[in-house]
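Let me give you the structure first, and then I'll get to my questions.
Should a chain be cited, it is by its letter among A, B, C and D, assigned in written order, with residues numbered from 1 in that chain.
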């Protein structure tokens, strides 16, 4: 199916398109289109965030929306993340459907109070009386020496908080479908994007559609190793898998698409088949989501595992600025390949 | 050794003391004494927090300190967690050794910005020029219908942040020794206490001593199951282990004492021996530290595990207020016993 | 006794009587908690507002049922003044299914959306931004609603106070910030937390009109809130009302914390002389708006209502324990 | 040319010349970044302060080497004015071992503890509370140091602004809050973020003395900072200085963002007429404090120093990649 495909390059896509006659968009265009359709179809939806109306349009993802819907619905805000998250939570409680946009995920610690203590717990504390239909878009930024305060990926923190849902789309199809699903979901959703795949292209239907939460996707089938890859790592894993195929190694790549709910079943069934589990994440290792995913497998049946679990992550350090250190910091398809080969050597 | 013992009751301790002639203190007295000795011996140390000087003295843990050291070193503060954490970070950068006290861990989301983006990264960002010797004491509170915003345990969030250390003492001995070690460590340390064990008693030397970070303790040796228990759960696990012993089941209880650094080796060696792993935590399951601990084991060797890993946690929900719901929410020694029996039945 | 306006303020007698009735309700509601709390079956941390009833009564008198209200940990008075049935509050404090949150929230988190109480945060300063958010929603929808947020002097320590006031002023939102300055946050005196005792002075920096009020003078509060609510409803933007008052009981629970040395006993004595209920009662008796029998009848009827409410609450069942997993996520969707 | 005071302000000529020299240093330092940035080997996001040099120069002129300084993402000018060697800054921006943070921090996080720069936060508003913290340490130790924090108008949006000012006022700490109000936070105009453009008006609510200053008039800043630093050092507590200015370049990087439609071109033109360097230069030329040759020599010497610094930086080695794991935790202990 076209929407399960990860296209590693424009070429890749062109080959496919020629055969299938598909509409394609980039990830960032898909996000923009999702928001446009949401704003068009639902008067409760509005967007707020620092710079959502500026000429850059949040790396292009909100471009043109203020022109079309006006500053009353696409709202630039003060640099006051916690207060404004509270404002969004209040508006959501009153029945609006705010989408709060953060250019970098690093700014979320500013508003953990409103996310963790308010948005996540509100529906429960009120005994099911008041839902908080709030979507918080945040972008994992990295590279160009941005250093420790402008390169973080903190999805693991939110996975530990009951009451939040978490989406981490990797393809343009999922970017659009999951964002629409997030806004329609009616719960607080952490919607986590990755700057490095903003220009990746893929099949995106024109209509407003949703991708269900809690359903992962097999991006590539394989027999010997399961790689659970998140966000941008899906591309690296797909690349590694293709290259390893040429070397006769069969790798299954799973993209869970949402972390909460997490598609355990898909992951467990794959590990049952392959006997080997690698988790490729876009964040630090210790206390990260890799541990959770591995644990879900060994809670079911440790006997499935024929080899040690491997986690592929950023170095467990703050992010350095120097380009040589940055290069060492971030894993790539090569890291995945080497890890898999090492696993199979055992 | 007396300091490895967990005394489940005053009786328990008295029996031991009669033989050994030990000095005993409660957990809260041990904390108080540690801070008193630190304030006495190091002019750089000061304490700040909401109500640190009040007649309650943070559940007794700072009692009498303001009278002895004055309001210049035991500082009541505005209810402004993020700003005041920044103040503490600044003072630490200037060479002071602040201890910041939070009566409940639930208030830490207020100051995640200063903890995560500042304290944790400062030494690294500055290329090793400026350490942040800051200790943040926070107390896991629970019970009496305190509900979702006053019952959380969020240590898992901090375990994911490189640059932070985390201590979770369970015994009075460790409470004192780890707190002194934390202040002397020179790094930002999250020091996490549990209200329910404030009155537990145990051996505590009079002198100023430290307990090293990264060294767990076997609280009880056993052959069939390893229970890694945190904080208050150490007591529940010890109780379960004793009772199961009477039923002929041999349980090893491990108290890691610090989560970062974590004593992998102790845990792995135990699991290698027993073949079964249960993790009993004082927090929610999903995305929690249990996953990390389990993953560390299966990264080494999944073959050690003869049975599925089990996690014992709060329900994966916000904390309810109603006493009947609260009772269902929190696991006890009984939960641990049942879990172990179930494991062994397989 | 008549229903004409009886004083220089031009407030109808019926309104004055209603203000008194609400204050009596709040006072008696909490006194009954004190009576039952020792039994240890109301397992929820209660933050009593005895001594501060005038603020809730004076402000809420101007609110429509659909106006939004965000309160804090010390919320009983606000909820009652907004019209919430004492039954569902008591039941909530007892953790029962008939509680306003089905036992999930307890005393710190009442919700009653039917009256614009969209849930309650017990995080200090937490409700400030939420009220700005409902006010934003109202402005967007032009629904004519006003949002009110009650918070303490402690709440004004927090950064969200600044962020909330700034955004409300910027967008001229229909929100009223009511600061209940009782000079303490738990046992921490205001002087240990702010450089001066006048919180209303912060408002000028945002261009927000603000008044310092005697928080025990319900008439003064009623009049100031009248202006503020009218201005907000007409699109004139936010107002800050600082109401200086005093909490008679301990920060949490039914005891008098002065006995534990938390606060000077003289202060309590002085403030008790300024009891907001007594002040209005004496005033209305003195001016002939009410007679003693009327007051006694109000107290008696209130007590009857509250006793029935307590009975209802204690007879209400606990939620089944499976409900622990209910309401983590809303299933309704779009 | 002489060293006597030449104007009504009583500032010695040597000081005026030094102010000019520092501004030239900052200006040229950044212009050289613009020159090299296109090569794409300075891999660090640079936030240029061209057009705002007067603030750094005027304030830092009063600071002792051991006074504490916290700056923000737009920090080059502050570091240079405090005395940091351009070499270690350039080297840091190039990610080299000789950088002030061994390449770990890049352009956004300079640290130079020898001159009281204990690291830099690029979280908006992040440095405000830190400076209050060093000021608290100074007050505790009675070390006579003053702390300064530079932040933008955007920084004053954040709750930490309120929390920091409140605590500093409460404890009368020796800290100076310098708000560089350039009317934008990235491309977001102040008018979209605050109800009025006068940030200094917030200070009165805390009882903190505050002044609004022409941020391009180095003499005005110098004089206001003189008072503020003296007051702080004498135990007189905090001051807020709001310096209204304008950023000539884009928020980040060497380009002119006016060309991308981010801000009105007229504004840039108007502010460029008020170039802080030109203003002082013309003034000093006009009053005979300097002559053209002096100015040219300063520029020339500055350029030489900066060229050497750039060369040094580019020749400095990269840190070995194992250093990625270094400095996560400090090993020194007690």
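The rule we apply is simple: a contact is a pair of C-beta atoms (placed from the backbone, for glycine too) under 8 Å apart; a residue touches a chain by one contact, two chains touch by 3 or more.
This structure is a prediction, so every number in the text was calculated from the model and none was measured.
> Can you name the chain that lies farthest from chain B, using the mean of each chain's Cα atoms as its centre?
D
> Which chain pair is joined by more contacting C-beta pairs, A-C or A-D?
Most C-beta pairs in contact, of the two: A-C.
> Give, as an integer number of Å, the spacing between the C-alpha centres of chain D and chain C.
Computed from C-alpha means, the inter-chain centre distance equals 46 Å.
> Report the inter-centroid distance (CA atoms only) between chain A and chain D in whole Å.
37
> From the C-alpha centre of chain A to that of chain B, how far is it in Å?
Each chain's C-alpha centroid was found; their separation is 32 Å.
> Measure off the straight-line distance from the CA centroid of chain A to the CA centroid of chain C, and report it in whole Å.
42
> Would you pick out the residues of chain B that each touch at least 2 other chains?
If we look for residues of chain B contacting two or more partner chains, we find 77-78, 80, 82-83, 106, 110, 113, 117, 124-125, 147-149, 162-163, 316-318, 320.
> Could you say which residues in chain C touch two or more other chains, in rising order?
99, 101, 103-105, 109, 121, 123, 126, 157-160, 162-163, 166, 170, 192-194, 328
> What part of chain B is in contact with chain A in the complex they form?
Residue positions touching the partner: 82, 106, 109-110, 112-113, 115-117, 120-121, 124-125, 147-149, 154, 156-163, 260, 283-284, 286-296, 298-302, 305, 307-311, 316-318, 320.
> In the complex of these two chains, what residues of chain A are touching chain C?
Its residues touching chain C are 46, 72-73, 77-78, 80, 82-96, 113-114, 117-118, 122-131, 133, 162-163, 165, 184-187.
> Would you pull the chain D residues touching chain C in the complex into a rising list?
157-163, 166, 169-170, 192-196, 201-207
> Can you list the chain C residues touching chain A in their complex?
68, 70, 99-105, 109, 111-113, 118-119, 121, 123, 126, 128-138, 140, 147, 159-160, 162-164, 166-167, 170, 326-334
> Quick check on the complex: what are the chain B residues that touch chain C?
Of all residues in chain B, those touching chain C are 50-51, 54-56, 76-83, 106-107, 110, 144-150, 315-318, 320-329.
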